[in-house]
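Two complexes are shown next, each including subunit A; its partner changes from subunit B in the first to subunit C in the second.
Showing the complex of A and B:
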């Protein structure tokens, strides 16, 4: 499947020429003892550097914290970096460099796995920005959806019971199919809203001063959208599974 | 990760499953959800307007074993209690009783929220003021 079929299709290319937007202060290189600005390699001597302790996935892939990412460009960047960082290239290097190469490579893989998926990317950004912390911020359930979610779950139960009892399933199935269509429509709307949120986020980052107030609101909005999406996604999967059974 | 014996017991023999008419003036309904796992929990209570005692409690939860056990336990605990006593139930007591692991703590929070939101629904029907501290915990 084409990677571009995710929620955000192709758009602005990652600005490869831009130097790394890492929020971390420069570290001192273990090898040449110069202060190094590089994420992976020392800007002075070119050796692999220690990874900054709180480095994030965007910085790992040497990209700004933007959401609208072209899948092909991201993949190229990943391949290029993973080639440079690959442990095979350090097979005969010092033990320290071999270890660094392993650490960089495995972090890079995690970063790519997360950022290549548009939804995981938004989720990751939200956790970076402190919106989604496991066990700390309680996630709100979308109130207006709950009623519908509950009813659909009840219909699913009815279908299972009717199936177990060998009853007539046609009517129930038709009702579920309608419900599935309606939820698919809602899912599409959530994805569209996430897309525009992503564009607005990127625009806010580019705005003079980074428009912190706008970004805060956007984070809240995208967080709500992700919560809605989680429900819708679960439900549509459950319904599809029951209808196929 | 294994469920505790108590969770398994509530899951296999859920107490007070069912529903009551939402329109009944003495019935309070709480419908809450946790997007983390897509759970949805409905808890209803029939409350005596004179004594403010919870005479009946029913629940229906679509979700994981811990969510079902938490709501099943909540219905057991609120029955026979006054509204004030039920509002004092804390999710930590549910965690303790069911030995829920950290990743399932949100299920107990959901049950506490369901109790509060059912009581608040009933209070609204009765024209009783809902105190801000009794709003669901988020």
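Showing the complex of A and C:
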């Protein structure tokens, strides 16, 4: 049964293209009416502030837009901020503060969920920098892999046919396992390349002037790497599924 | 403001607890029968009075049509969801049920949240009697794997009972809170919670920081329709087979007969947690008809149920990216974990002895009390970080689901989506929110549908930003904004399964009528009724031939007890009436035995007079 029988045509979802560019007016604290500089708390009265409308996840966790992140340090930061922002800490506060705490802590949790995963972190940075549309992946095989992918697909077909016909599977399976290993190796190489890209990105940020040209090239390179990674991952998952069947 | 309590609203039993200000420790509050367990049973008497707990449980045998148990299984569900349930449970669903089930009790009809509210009100009465103060706020626990509709239904029940529900807390998380405090435990902990009707597994990390202890849930999984009830149903089926339908049919009417069998198998099941064999003895049938059951036989029946818990266990560990041996402590919660087979299975899987120091029936309520204390500014050195058990998604073109908040996301959690129109001058965008892990919307749980209003414009021009937020209770909130104008758009979210605000308000008003009967007064009425029946039974017994065989001394003692009970029943202290009832029971135990030996059968030995 298709439940999409509403009175209106199906919702069209827009990929967030440049949602994170904000030019906010200087923030004024809702409580003390002073100008406030803090991300979470008013620098003058200490109350929770209104979150900047398009605050990014790096800012939520009070960290620079760098890619090399120590997992333990990130977790410590997350727990420390959770302690201060969680709704439990505002259960008897005013309704406005309760609302604010809900907003801050949900954004904090979203930020930590994204940034603790190295791949999601790169994806997120690329979307922040306007390089990548959320959820967008190219399903096209990278050119230099075409031949290998073709062979792999052939082996997969043969395996399915042999399974249907009750033929000998052992040889085919061994071949697929080899192919899977080869693709896993490539996946490892992509991850390594992403890692070095991440270090270069951080170095460029620290360079005098922020090396904008270098960073632009790096963003492009990492975007390609992510596409390649998504493609390879899909491939290995398919093979693993077929082998387990 | 009144007091705040923690409530475990269970399938089989419910409890209420609070944190003792002097010790900082949580404590369960006993009810009028001395036990902290309030059977989650509600009965409606002929003149419309509501009976909850132990007396209602007894009425399962005498007034099954007016009595309901395990109502938690119906919370937040539609009539189509419970079709399978109806084969096993004597729920009488009203034909007029639409998106909310309506259950028939005698000649009245109630929704599951209203029935749960009767239980909550009873517990509230227990707490108010204990404190001598009003109780108006509560933390209520729910199975971690409860979906949005089931959570909303629980919150509605709280409101109908006149309680402000400060928070819904996941049961295994509450248990971990109680355990952590008790054991001063740190590290990775798995909580295995097998209750009467639900199963949950949660993996937590207990962390000490300079500010205090953080209980961070890493993952959770479960089955909201798996529990001890399933074992009971198999045991009941076994009785029907062993005895033959005909043998049981002769005993009592239909509903009564099945409740008698149910009570008997549950008693045997409990006995087998300690003993190697037990007898299933159905009330109203002679002892010679008892059926023997061994622990091995019970385990054969229980094994599939226990096996079914292991898939969620493996999934929760995989989601937390942990191996069984990396779990440092395992905690067992829920009455069904008393079953030796459950303990063995869990111990084998994790390679370590599970914790059973705290009473598995009470630990969830104790944790709820702790969370209540945290929220009312008592305990300040603990923080709970829980997760959403199921992924939240939006139906997209072709009925597929786009996941916007993945399962095991720490809550509160949010996601923002930007929508536009597909045709010129389209005035609305329809959004269907679902919960679950499946790829297609129709295989997931429908949470809500709503329409975003859009000002007429060429296709693709409007920009509506929708913010989905799962709050700390695990309940969804939706807000929308027109990006171009910055205007907030109100959304009428029509829950797929649930009550709207007006219905909840109306139910709250109605429930107050039921609650008007003062608690103590009702207790007194119940105690007097019971006194009445034992006095009648005693008088009848003393007039029998068998009674001639007891000593004059004994006769005098019974006479004294009778007089004392009559005197107490004339007063207004229901507790005293209960004491006198017990005394008269004691005084007549021997008489009852003499009567049985002589007249009926030796099988009824050890019973008191009222039961003969």
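Criterion: the second predicted complex is superposed on the first by the 206 of 245 C-alpha atoms of A that agree within 3 Å, B and C clash if a C-alpha of one lies under 4 Å from a C-alpha of the other, contacts with A are read in each partner's own complex, and residues count from 1 in each chain.
The rule is short, and it goes like this: a residue touches a chain if its C-beta (ideal position, glycine included) is under 8 Å from a C-beta of that chain, and two chains touch if they have at least 3 such contacts.
The model shown is predicted, which means the values in this text are computed figures rather than measured ones.
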{"item": "Contacts of A:191 with subunit B and subunit C, given as first, second, both or neither", "value": "neither"}
{"item": "Touching partner for A:153 - first (subunit B), second (subunit C), both, neither", "value": "first"}
{"item": "First (subunit B), second (subunit C), both or neither touched by A:227", "value": "first"}
{"item": "Touching partner for A:235 - first (subunit B), second (subunit C), both, neither", "value": "first"}
{"item": "First, second, both or neither for A:97, with subunit B first and subunit C second", "value": "neither"}
{"item": "Larger contact residue set on subunit A - subunit B or subunit C", "value": "C"}
{"item": "Overlap of subunit C and subunit B interfaces on subunit A (superposed complexes)", "value": "none"}
{"item": "Subunit C residues touching subunit A - in the complex, by the definition given at the top", "value": "166-167, 207, 209, 211-212, 214, 216, 374-377, 383-385, 394-399, 402, 406, 409-423, 426-432, 441-442, 446, 449, 451, 460, 463, 469-472"}
{"item": "Contact footprint of subunit A on subunit B as seen in their complex", "value": "31-36, 38, 40, 42, 60, 62, 102, 105-106, 109, 137-138"}
{"item": "Residues on subunit A engaged by subunit C in the complex (per definition of touch)", "value": "1-4, 6-16, 19, 79-80, 82-83, 86-89, 91-92, 102, 105-107, 109-110, 112-113"}
{"item": "In the complex, subunit A residues that touch subunit B", "value": "135, 138-142, 145-147, 149-150, 153-154, 226-228, 230-231, 233-235"}
